[in-house]
Amino acid sequence: MAERKEIEITCRADTLDLMHPDIRPWPVTPPPPREEVDKVYARRKATDFGNWCEDNLRYELAFGKPEALQGMKFLCVGMWRMGNMFCGSLLCEAGAEVIKIEPPGGDPLRQLTPFGREEYMLESKVTGEKCGLDFLHEMRGQKSVTLNLETEEGRDIFRTMCSQVDGVIDEMPAGYMDGLGIGYRHISKLYPGLVWCNIAVRGTWGPYKDKTSKFGQWTLEPFGGCANAFIHNTGFPQDQLPRGRGGDPTRSGVWFADYVAGEQAANTLLAAIYWRDELGGTGQFCEVTGAESQMDILDFDISWYGFNASIKARTGAWDPNLNQYEWNPCRDGYMMIGGQTDRLWYRIGMCIERDFPQFGRLIHEDPILKEMGARNALEMLTKTYTLTTRWLRDINRIEAEQKLLEYEIAAGPVLFIDEVSEFPHFKYRPWVCTIDTDHYGTLLFSVPPNNYQMRTPHRVKVLGRPLGYDTYEVMMKYAGIGQTRVNELKEKGVI
Amino acid sequence: MAKDPRVCRLEELDGPKSKQELDEMKMPYEDYCRAAFAPGGEFSRPLSLKGIRWLSTTMYIFTPHSVSNLAELGAEVIKVEMPRMGDPMRHCAPFNETYLYPLHDTRPMTGTGMGYLNANPNEYHISMDYHLDEMKEAFYRLVKMSDGLTECYRPGTFDRWKQSYRYLIEMNPRFIYVWGGGFGYGPKVFGGSYDILGQAHAGLASVTGMHEFMGGHCTKHSNWCIDWYSGTQITFGILAAIHWRRKTGLGTMIEFSQVQAATRCLGYAAPLYGRFGIVRQRWGNWDTQLCVHGIILAGKSDYPDAINPQDRLDARYVMVSAFNDPDFKELCEVIKKPDLYSRYQKHKDRVEGEAQVEIYAALEEWAKDKSRADVVRILQGAGLLAEPVMNDREVYECDHYRLRGTIRWQDDPIFGDVLAMGSYGAGLMSKTPRRLYWIWRPVGADNVKIYHELLGYPTAKIEEWYSKAMI
Amino acid sequence: MCDIIWCKKMVDGKPCNTVNYLDPYCFWNWKGKVNCAECGTVYYIHMIQGHMYIGPEERPGEKPDTSPLYADKPLDGYSNYSPGVEGRTRPFECLPRHIYLGVPDMRKFSIRGRPLRGWRPQPPDGGIAGSYKFNWDLKRLSPEVWEEYQRMLRDGEVKDW
């Protein structure tokens, strides 16, 4: 029931509770009803197929279906970085059990929060402990255990725990675990079936491996993106915006290489386990780095250098390989338009010239623009996008999208997270969704794209975990250590 | 008889059992890794995914990459393309300059652009027009003999052609069927999708780029990183499904949206908005959660006389990371601003927005008269973490990747001397390493190998199909 | 006219008729003087959110602050000025090489001097139904490139990296 309240806002803190999901639930407006979506399927004569998809793939049906990696177990040691977190959460989403081993003080990532604002951290209702949202969001079922690997007893416990798992995810600094005598070469002697995957920024070995500062600070992302030319070639050219004020190499807004390394680590672990279990193999030692796994997906850039000594340059919001394929500013933000083939090229023209006839004339008459490859020349991108923006400056994103979609052009607005959360399709087939957690109440999280499967959809059942919450259970099950001994070891600082 | 304690067998003692093992345990970690991963020696070691066969009825980057990960891990992959035309990505080359030839003998003036690189390595390339009823049988033969397929067509298309999952499950219950596309079931189900759409639509663009007050705009990641990154996430789904199938013998259908994958990697943006209504914005080259941890502009380029403008003009950026208290203190001393340290001693204070503006301005003021190399040298000399932002040439020349084998020259069977920057770099494995055989093949290069040698069709039939452009 | 300046200045009795493209990110919020690439007329503009709030106003005798990146002439078959033409268009320097081709680069060798199949046309080498084998018989198919490669080997122009 709606209630009228008078609120005085004098600082940011006063606003924080007004948007609480219990007061302003997600979604704010309901998703389109099934009948409306059925019409969409029917328009393309795909009603049967649409029904099959909805019957077999719907998000709501996922809970209760079997889990693909049920029974698989992993240990995870890592701090500060997202690589081990993302690898662990992918495995948990697929049904594996992942035990995250943290030092008694906890993973420092728990303490990170945007602009250091503690008011954005969430407090556990059960333990009262605060946790930053980045950590919380990527703690999707991993169990939290504290263990001090710097003590001999801690290492003994670690060794014992290794006997219970299929794999170990190691995102500690270069040579750290090895130096303590609990690296792969030590543990594999005890348990030859163990698969071990290092995750690093540039590497745990090699001339340019990860460094630690004189004062003990670790190498974190985006050092990986600096070392593989990803950052060098992203951003606006100094010819479009002034250098130092936008015309610079730009890093990603997220620690992107960490995510790439994390998912390749998960793939590497599963491939190694497949070889071990299906093909009669053994455990093995693996390493995935942010710099290299991101270089693996750097299109063709380094190979282009090998072709004719080209060094890929920044192109801002445009793409040097395709036209149209960009976003440009519009009346209320930025609008992305994509369409490289002739068919789409002319359809874009037909759409825009309804409102702006000059576009059709200047673009379609131009002999240079008639050939698909020639449209990628820099001059042609300049001309095309100048005229496109001339059209875009007068319309909003939603208008532009509707007009372009009428011509079946892949177009989309640049959306912010609040708009993403309320976009009709993203509510119907949830892109983000709420989860009711025991520790932190109702939370909005990004749904795994692997959540839409017929038989073993991946899913999120848990978000966030206070530090060491599972220590007692895990110590008993994985190391045979009862609560009394656990308490003693806690006193000694081993746990 | 009691065991004579003087008799002792080496095998019964703890510790290494041979000199080789002893050496292995004693050698520095660096050497151990190098020996374990043995770059260059991949081909004497087995394949992780030996025995898996996958069909790649895909286009562009996103869905092909989900399969190319399997090919690098040793699965046998068959790429299916439209006759004579091939994958549309073949026609994509940066600035129209970089093509390798031939694409197909009947089109001698058309090459395959570098845009096609890394998406279809190690794959057998066949051509097939599966619009046509006559090709249905061949398609079904492939399905019955494979473990799965990945496709990217508009939803309903394969269904109309009677090759969607509900048809294929009948002929091969072990089959794993993957659809990758923009949106999946729902109101925008038929929406086309590109990497750039993923960046824009899913919120990644909204958090990348220089802040508005700095004069910046939402910036596109230059590379098609969402295509690739979501493709790898599909591979994860495929591998998990393969594991489950070992237990149950059942395949499955996976519907994967790449635009959604971009929202998945947004970190705290979703929970921050969900709980507090706060919408995350861009923050340029700095970090929203750590200070100092960002990229600064040095006054001079490292290569002022270079002929390539990327070297000459843009070798000026340094990543500086000194967010822990002692590191930050040292940094302030190096740039001769001890007052900055005394005002921002606590990390919580210096990571606030206004503080970052002041601190990075001071850093860039200090770096104004120095080259990139100067800045790196001075900061590293003080024991801090600082590294240059490297370009493609510097990456090529970096010993680290050569030693680790993640950049190497490839003797491609058809195209000659190509620089490989992927496949090996996706991850090192000591016993079953990834490897690269070839970058790609001409359209229909393996028509005989697959249609005749695998599926059993007589060569006369294949020639007939080919003459009618059905393959 | 906004985002483009269609210059109609009378020059030698005829209108200039050159379209000067003011590219979106640079000029989205910008004020200052821009020249016409063809006739050099200096215009003052004040662009806000892509709209020409003021201008184009002629400023005879003044110097431009910048130039358009590209300009063409629709009424004479789209002859044009590319970026970097002195006095007409401003340079674009953020390029991958010092040369910009815009058309396929016919490469016969990689940067380390070994044969690379980067030129057209290639002599056909396919079998039944377009089948290809697993080797490139350079010596047979393109003997002149093979000879060139042998010379490079002799002269030490082929490197490991």
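As written, the chains take the letters A, B and C, and residue 1 is the first residue of each chain.
To be clear about the criterion, contacts are C-beta pairs under 8 Å (C-beta built on N, C-alpha and C of every residue); 3 or more make two chains touch, one makes a residue touch a chain.
Treat the numbers as computed from the prediction; the structure is a model and nothing was measured.
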item	value
Centrality ranking, top chain (CA atoms only)	B
Two chains joined by the most C-beta pairs in contact, as defined above	A-B
Most distant chain from subunit A by Cα centroid	C
Distance between chain centroids, defined by C-alpha means - subunit B, subunit C (Å)	30
Separation of subunit A from subunit C, taking each centre as the mean of its C-alpha atoms, in whole Å	36
Whole-Å gap between the CA centroids of subunit A and subunit B	14
For subunit B, residues that touch 2 or more chains besides their own	93-98, 217, 308-310, 313-314, 396, 409, 417-419
Residues within subunit A bordering two or more other chains	236, 238, 241, 304-317, 329, 373-374, 376-378
Two or more partner chains touched - positions in subunit C	25, 93-97, 100, 102-103, 105, 110, 112, 116, 118
Residues on subunit C engaged by subunit B in the complex (per definition of touch)	25, 93-98, 100-105, 109-110, 112, 114-122, 124-136, 138, 161
In the complex with subunit A, residue positions of subunit C that touch it	2-4, 19, 21-26, 28, 49-51, 69-70, 72, 74, 77-78, 80, 82-83, 90-97, 100, 102-103, 105, 107, 110-112, 116, 118
Interfacial residue positions of subunit A with respect to subunit C in the complex	236-241, 304-317, 328-329, 331, 361-362, 365-368, 373-374, 376-379, 382-383, 385-390, 392-393
Residues of subunit B touching subunit C in the complex	93-102, 104-106, 108-111, 127, 217, 307-310, 313-314, 396-397, 402, 409, 412-419, 438, 441-449, 451, 459, 462-463, 465-466, 471
